[in-house]
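Once you scroll down, you'll see the structures, which are given as structure tokens.
You will see chain A twice below: alongside chain B first, and alongside chain C after that.
Coming up: the complex of A and B.
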């Protein structure tokens, strides 16, 4: 029974790994192919089946005037919008989460849990519901088709994630830690940033990771709130798909799009595997 | 170090509701400068609430707190300069042991030399010197609790050190040594120490004065000897001492005698004015001894069992269908079946409506 379970477990892991890795291998291989190698016949092995070329990669940095697609600017736009919105969301979300975890709020029938749920509910409704209000709002304040406008919208989208994760994290940090800091001579603000916050770094990293992932992969709002002035990476990548799909540059751009998330995952994994998430204050 | 005065303090966690429940009923008390106090009582009796009120973590619903005659009721915790150690170790995980111990001094802007001197002194007392540069999170639970304790003791000018069952997670041998260290610290620095516990032995061996609490009330404050020999209520008699005080429902027989069933017991208490029906006689098992022959206050009891505890024998017997326990010298021979027990009148406590008269 035990052996059967182990075989089943490893079979599933192998299958899942193939399922996850295969598209990447396909993208890596395709990014080094040219038109002929993609469209003539099925090819797998470089130098044997096809002659590898860097053309698919080169077009990513060439300007459109020279026949390229230039994803450099959208790439940095995406980095700017994602990082700025994530940072602001984490700062505001952490403060909100600390307040929700440590103080009791009571407005009519609304209590702390209701306020936390209100934050999460922003993510429950379909994005299309928010698209028109956001469009009108940005157009009213003159921030449509601008990086700052996108940052504002992304803060609204990412802050619930930060609040949700950090409330749960702070709830697991014993209240005695704050109280000890107060007794030791901190004022409430010092207790927060000198004692509670350093103990919450694992939570901040996880919240930051989710904010970066959700900010980086968003296509919907980047698509409807920008036109010609500003373009984010997901929109640019999708726009590559024209009447003749350039699979080679599409694969290369998909790989460079995913690269930052893979780096984030490796960095965060180190913190997660240390078991630091448990709060472990006792 | 300071004299801590609690004046007409009471506290409810739901004061605005129509029927608020009071965790602490109104009381007044003074903790003298440099003394050791133990607050003793069962779980949920209000001990921790009392400590939190003194440290400022909880604001009392009513009453005033004074440190050296200066009112501090409205001062926040950081302004009170008080130390508190919780039941479970609370350490700053991201800091070293040294930084943990130095933290209260750094927060109050002590000089670097002073911080080093105090941290070294406290870490020597608590045997933490060899761990000073280790990350605090890597220490064992009892070492972590020593850090918590160290943070409480590192400030010499503190108004008082409040300890909420601080030795729960510490092994018995170290517990004994620490209690001694705490006493030494108290004698050396004249720090007012307040120690919450539900372990009567801990309270008896640690404190100059013991405060016994039950259901939000302070039922008795006194020296360990007073609490043991003259418990003010039947609760204290039952709670303090092992085994608990023998308590018998009685009727008044004369101005200094009570009846337990058909047996008359003489006491040294004046009972002439007692009209109440709810009268109990209390006698510690330590004061009851085997009598060689029948005389005043000698009762014949049926032996149920004899347990040998090494340093004494615990005799459990029946008196008028009621259980009576007595601690007997282990060398003393005990005949089988029935035995005469002597109940000394001067050690008898008479309770009317559960209160000592």
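Coming up: the complex of A and C.
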């Protein structure tokens, strides 16, 4: 029984690992191919199955005029939009979460939980519902196809995440901490800034990581609200997809686009093992 | 503590969010009562004509809605089962524990549309590796993307690949935060691992499970990226979800007024059904 279970367990883990890794291996292999080795028959292993070339990777840094893809500008656009929106969401979300965790609000029938729920419930909003009015709204004020327009929209996507994680986190930071600071003569802002905030670094890091993940992987808003002036990474890569399937440059650009966040997986695992995430994600 | 301070903390976030959202919502409701399309791009008033059209003469929307329900519920159930199994397996000491944990997390860090682009080449019916490998063991080529039934399962496979890690993360974080005492008690009583799971682990995990399932259902109800790249809703309308249908009506055919009607109805249905699901799940899983 026990032995059977162990065999079952390891085969399941191995199988799942293969499933997860398969598309990455395929993409790596494809990125070194050329027209011949993609279109004649299915090939897998470089040198053995096909002669590898660097064409797919070289195209990434060439300008479009010379037949390249030019992924550099979308890359920086994506980084800018994700980081700016995450930063604003974290700052505003943390302040709001602190208020919701420490003070009691009572306006009519609205209590703390209702306000928290209001923040979090914004995630229910399907992107398509927002994108049509945003499309018209941003074009009226001339922010369609601009970075600022995107940042504004991304705040709606990310602030709920920041509030969700930080409310739970502050609930576990003992209240005595701020009370002592207040008795020592701090005003509430100093107590928050000097005492509570330094003790909330793990929570802030987790919230920040989640904001960055969900900002970086968004496609739909970027797809609808930008055209030519500003292009974000996912839109750029998907646009490649619709042309005549140069699979090698497609794979290379896809790998380059997903690479930075894979580092986040290591950070998340570290926090998980140290037990810091357990509370923050409940 | 001074009364006014709490508002200084809360209001910036609250007002920024309301400020960004209030216009789109009011605008959507107003737009849904207009006949705005590419011929008459103006905010006229046609009453509830759009709503009548939706409820009496648009089976395609309701079909796309049921398809969405099927896709999101089945992917979330699969993600929950697999995610829970994986979390249980790497919860306690096993070899290369941290390595497997990282591997299991990676898909959720990758951009869904971009990975779907890769999956599309993976599932390609003549040049993709999957049909080729299956062919080597004697399986006939499978029409992953052009058969109306199989295409749905292809979407499910990609969604499960993409989002099981999120479920895994939430459940593993939950498992790691469980108290030790109940497990000690069960061990002293000599309970088998199966009984330990049924009577200790699972009940303790119930609140966390509910939270994880609801979060995933909310996110899964927005399935759009995958479908958009993988099948574009096709073949025919076989994988078209509500969001995708609204997108076609609004931003391809420019029937903005009608698309707003669809959006608003869809949003109301989503809020009601997710609330009901949350209530039912809580009742089912937490027994006093």
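Details
The working rule: the second predicted complex is superposed on the first by the 261 of 282 C-alpha atoms of A that agree within 3 Å, B and C clash if a C-alpha of one lies under 4 Å from a C-alpha of the other, contacts with A are read in each partner's own complex, and residues count from 1 in each chain.
The rule is simple: a contact is a pair of C-beta atoms (placed from the backbone, for glycine too) under 8 Å apart; a residue touches a chain by one contact, two chains touch by 3 or more.
Remember, predicted model here, so these are calculated numbers, not experimental data.
In the superposition on chain A, A:12 makes contact with chain C only, while chain B stays out of contact range.
With both complexes placed on chain A, chain A has more residues touched by C than by the other of chain B and chain C. Contacts of A:95 after superposition: chain C is touched, whereas chain B is not reached. Contacts of A:195 after superposition: chain B is touched, whereas chain C is not reached.
Within the superposed three-chain model, A:216 lies in touch with chain C and out of touch with chain B [touch as defined at top]. Within the superposed three-chain model, A:174 lies in touch with chain B and out of touch with chain C [touch as defined at top]. Residue contacts after overlaying the shared chain place A:76 against neither chain B nor chain C. Once chain A of one complex is fitted onto chain A of the other, the partner contacts of A:132 are limited to chain C, with no touch recorded for chain B. In the superposed pair of complexes, A:182 makes contact with chain B and with chain C alike. Comparing which residues of chain A touch chain B with which touch chain C, the overlap comprises 182, 280-282. Put simply, chain A touches chain C in their complex at residues 5, 9, 12-13, 16-17, 19-23, 26-27, 30, 38-39, 41-42, 44, 88, 92-93, 95-96, 98-100, 102-103, 105, 115, 119, 121-137, 152-153, 155-156, 159, 163, 182, 188-189, 192, 213, 216-217, 219-220, 224, 233-234, 237-238, 240-241, 245, 247, 250-251, 254, 257-258, 261-262, 264-266, 268-269, 272-273, 275, 277-282. Those residues of chain C whose C-beta lies close enough to touch chain A in the complex are 1-2, 5-10, 12-14, 16-17, 20-21, 23-25, 27-28, 31, 82, 85-86, 89-90, 94, 98, 100-115, 117-122, 127-129, 132, 161, 169-170, 172-174, 176-177, 193, 208, 211, 218-219, 221-222, 224-225, 228-229, 242-243, 246-247, 250-251, 256, 259-260, 263-264, 266-267, 270-271, 274. Of all the residues in chain B, the ones that touch chain A in their complex are 55-57, 76-78, 81-84, 86, 88-94, 103-104, 107-108, 137, 141, 144, 148, 151.
Contacts from chain A toward chain B in the complex involve residues 174, 176-177, 179-180, 182-187, 190, 195, 198-199, 201, 280-282.
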